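Starting off with a structure, shown below.
Labels run A, B, C and D following the written order; every chain starts at residue 1.
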Amino acid sequence: MTDDEYINSEILDEHFRTPRNFGVLKDCTVEIIESNPTCGDTIVVDLKINGETIEDVKYITRGCSISTAAASMLSETIIGKTLKEVENLSKAEVLSNIGLRLGPARERCALISYDAVQKGIKKHLKGGKEAEHF
Amino acid sequence: MESNEIREHFPIFKRFGREGIVYLDNAATTQKPTEVIEAVVDFYTNYCSNVHRGVYRLGEEATEKFNKARENIGNFIGAKDNEIVFVRNTTEALNLLANSLGSKLGEGDEIILSNSEHHSNIVPWQMLRERKNVKIKFINSKHTETIKPDDVADLITKKTRIVSLTACSNILGNINDMKEITNVVHDSGAIMIVDGAQSVPHMPVKVKDIGCDYLAFSGHKMLGPTGIGCLFGREESLENLPPFLGGGEMIRTVTKEGFTCEEIPLRFEAGTPNIEGAIGLSAAVNFLKRIGMENVRQHEKELITYTMKQEEENNIKGLVSYGTRNMDRRAGIYAFNIGEIPKFDRENLSDGNISLKVQAIHPHDLSSVADRTYGVELRSGHHCAMPMIQDLGVTAATRASFYVYNSRDDVDRLFDAIKASVKRFGL
Amino acid sequence: MESNEIREHFPIFKRFGREGIVYLDNAATTQKPTEVIEAVVDFYTNYCSNVHRGVYRLGEEATEKFNKARENIGNFIGAKDNEIVFVRNTTEALNLLANSLGSKLGEGDEIILSNSEHHSNIVPWQMLRERKNVKIKFINSKHTETIKPDDVADLITKKTRIVSLTACSNILGNINDMKEITNVVHDSGAIMIVDGAQSVPHMPVKVKDIGCDYLAFSGHKMLGPTGIGCLFGREESLENLPPFLGGGEMIRTVTKEGFTCEEIPLRFEAGTPNIEGAIGLSAAVNFLKRIGMENVRQHEKELITYTMKQEEENNIKGLVSYGTRNMDRRAGIYAFNIGEIPKFDRENLSDGNISLKVQAIHPHDLSSVADRTYGVELRSGHHCAMPMIQDLGVTAATRASFYVYNSRDDVDRLFDAIKASVKRFGL
Amino acid sequence: MTDDEYINSEILDEHFRTPRNFGVLKDCTVEIIESNPTCGDTIVVDLKINGETIEDVKYITRGCSISTAAASMLSETIIGKTLKEVENLSKAEVLSNIGLRLGPARERCALISYDAVQKGIKKHLKGGKEAEHF
């Protein structure tokens, strides 16, 4: 990440300051709470799954700009996609959507929402419904 | 030596230059002076060999240097050489104790810790609790207060077996009076363990003064290599401590039926030790001795005092900082937030309660900006002290921590960097 | 690369010169090439920082290099990066297993070892026996024989939980067929642990080929620094393994009430790791890759074959050597005696029975003379394998062990040195 | 230790090839078995103590030249001495009697008999009589 990228990134700012799909999904199919051991940030992701399709996503995080913006972008990416499509989404794609070169610690920030969504799908497929407490 | 002169000994600062880097993550790990690097390279180049058993010249030289390193490091904290056990780091030292002392504890025995402990002085005891059903009690001090002997006395009962406390908090910088605390603990007949990870590198520490049974510290936090640390144990304490890891070097005899142990301290050092680590740490100790630990402490006290002054003068909106304001009891550690992001609380996160716009800059963002604008290297996160972070009611904090090579200029740059992050991420 | 060319990379040989030193204690520890030394110095000089958490540039670089090291070392033995746990040495890896696997064992469960194990693959299990009352059974092979799958099968019962064996004996040089043995062990449902301290440095080792659950090895025996070693565990195996040491880095969350664990492999790495150790070991692996592990094995096989030939030709009176004579199954390790000093036996030492004049040269004397006459560095003693020394019926032995930089000339000098010691101490 | 010292030491040779007081003391007051972890050598030391005085010593070892010669020299030193005198004997004195500069591993060889004698005296003072088994 060069100074300019991080300091001036408009897309980062956009999504960080007005994150899309922020909030709670009352009628979610599955909820996942994931925490980032690097800094103790926590994210709650609610997925509404209908058959094979992710119909809606909402999340709450008070993480850093990168984890918030990454969650926002990811939510836009996955709404309307099938479970298979989302499962096939790679970490590299998620990182490239953000468009910043990130070091290993900030990469974890960028991927916490991704990890949560993947775990959510796994949990759904296993038939789990209750929220996971930590 | 002045901090400028000291910096000359560190190749990394030469490489990056005065403007390039302001390293303020010394509580995590420190930079290494030429003297330490050369001691390590000298081992590889001139007398690389395993220790203890070789009767040839390389082996003899390696063993002699290794033994001298132990003696020198022991001397640094006022201990005899057989009271120094080489381990990887503070964490391993505390695990060794939790296991070896733990093997003598039973259900209901009590261990006292505090809410400002590093995870490495919490998790080993929680793991012991899983095995032995012991009870762990926490001293819950306010962040503005050091731990007082009374705080310990209040929790001691007839069942208290072990009290394990940090001499200096790695997040608050609070320096606890371990001597007085040890007295209280010993009066009750319990064992006193001191986590010296943040005290041994930063101030004069003499184990006989403190009177503690055990003291743990890490080489990499005091100009030495990673992979080497020490457990000090009083001779009588170590003599009675069951071994932890088994294998070569720690035995006297092995048969298919069983084994007998070596004398202390080798009894606790199974397998090939980190030889160049011990030798490098000894060189680091020599470097610190040349500066003088009184001077190290004085220097850091001046820097943290100056930091407080700069905090006041800069008067940055939303800035909150933690730790005691009594500079006599405050190490060179400065943890702060620009606005506080409240700790995660599922219950409070129902739809009606969501306030996205927390008036705060996340510590990760602050650190990244500080790095990218002024080359100021800060740590952000929970600092391996989640219970204290929780008690502060926040999600994370940013921390600057000083060492011998830092100067007032570095503190000025720290505040420049904070202001830059406010400019970038302030709401 | 030829051994002469390889020697050029090792500063210690330049320092002592061709005539100065013949280093033949490679089974204990090896010398370090410039490439490894430079990797360590590079860390200190250019990107010294703690790993995992720093969001500033030094921290990011250190973390990236540390992660790459893990990947590279894993790749060397055909493992994924999350299957590599960094530990201090083989000894710690085996203790980790004895503790973490051991926590799931109960009274009467059986563990199978062999009489050619290093103490570090015996004592941790004996300590587990003290805690859990498990049963340890020994395969008792003759020194001329490698361990056969049938030897293991003979001891396996329904209660066998763990089989832990060395892939190559550090005293006999016998190379066991771990793949076939693992098959037998897995058929019985037990866990297979391989002590790879003497195999990973000296021959191609691929964990997927062997099929074992765990493999332990030490960096310092393969051109890397001391203080760093690896435990390989199959992903599924590690996922199910309880943690061993607790503290920073290995946790995800800590509260006063309890903790949750990080993913593998970090779950097993509590506290600040030996960062430059991992980076140095990765450089060592690169060096070995350049030579090619097939070539390493071939070179050592040639040296040990040549040693056998020299043994025959020199025909030294009283010389007895140990280990298999099948060179396909023999590593570059040569343990021998000039006359055998019988093992200590109190019963036999009554007045009538004392025969002082044992027709033998004590290995310590042999080593000292070898060092002082021809600069030949040999190890003498029990080689941390007392049970095998006992089974050989002796008190001690002298051992020469080869590596990539040794040559036939070194073997010639070895025999010159033996003859010098016969001249000095022969009876 | 220079080459010459070790390779040519006459006193070492003398004591190693014809060790004094080698053997078993049938009527010993105390017996100690001590082993050297460096190489697994074992020494048996028998002391005959009368009141405050060490009247006789014998030992058996099949150790290296240095441990054998050191035991031989030590036996000559301590016969007739009082327990106090022997307890006050320092490691440095024992090593200087041998007259060779020794590395740390060989020093252990030179001191194994010394350690055994010191333990023997301690054991005697504690009233122990039986042999210690290992």
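In this text, a contact is a pair of C-beta atoms (placed from the backbone, for glycine too) under 8 Å apart; a residue touches a chain by one contact, two chains touch by 3 or more.
In this text, all values refer to a predicted model and were calculated from it rather than measured experimentally.
Visitor: Give the chain pair, either B-D or A-B, that is connected by more C-beta contacts.
Guide: The greater number of contacts lies at A-B.
Visitor: Please report how many Å separate the Cα centroid of chain A from that of chain B, as a whole number.
Guide: Measuring from centre to centre gives 35 Å for this pair.
Visitor: Could you grab the centroid distance between chain B and chain D? Build each centroid from C-alpha atoms only and quote it in angstrom.
Guide: From the centre of chain B to the centre of chain D is 45 Å.
Visitor: How big is the gap, in whole Å, between where the Cα atoms of chain A centre and where those of chain D centre?
Guide: For chain A versus chain D, the centre distance works out to 73 Å.
Visitor: In angstrom, rounded to a whole number, how far apart do the mean CA points of chain B and chain C lie?
Guide: The mean C-alpha positions of chain B and chain C differ by 32 Å.
Visitor: So which bits of chain C are touching at least two other chains?
Guide: Within chain C, residues 53-55, 57, 59, 251, 253, 364, 368, 380-381, 386 contact more than one other chain.
Visitor: Quick check on chain D: which residues sit in contact with 2+ other chains?
Guide: 35, 38-40, 105-106
Visitor: State which pairs of chains touch, listing all of them.
Guide: Per the contact definition above, the touching pairs are A-B, A-C, B-C, B-D, C-D.
Visitor: Show which residues of chain A lie in contact with chain B when the two form their complex.
Guide: For chain A paired with chain B, touching residues are 1, 3, 6-7, 19, 22-24, 26, 33, 35, 38-42, 44, 60, 62-67, 105-106, 109, 133.
Visitor: Within the complex, which stretch of chain C touches chain D?
Guide: Per the touch definition, chain C meets chain D at residues 341-342, 344, 346, 349-351, 354, 356, 358, 362-365, 368-369, 372-373, 380-382, 386, 389, 395-396, 424-425.
Visitor: Flag every residue of chain B that touches chain C in the complex, lowest number first.
Guide: By the definition above, chain B touches chain C via 11-12, 15, 21, 23, 25, 28-29, 31-32, 36-37, 40-41, 44-46, 48-50, 53-59, 88-92, 94-95, 98, 103, 115, 118-120, 122-124, 126-127, 131, 136, 138, 218, 220, 225-228, 243, 245-251, 253-256, 258-259, 270-277, 364, 367-368, 370-371, 376-381, 384, 386-387, 390.
Visitor: Name, in rising order, each residue of chain D that touches chain B in their complex.
Guide: 35, 37-40, 103-106, 134
Visitor: Which of the residues in chain B end up touching chain D in this complex?
Guide: By the definition above, chain B touches chain D via 52-55, 57, 59-60, 63-64, 67, 251-253, 260, 262.
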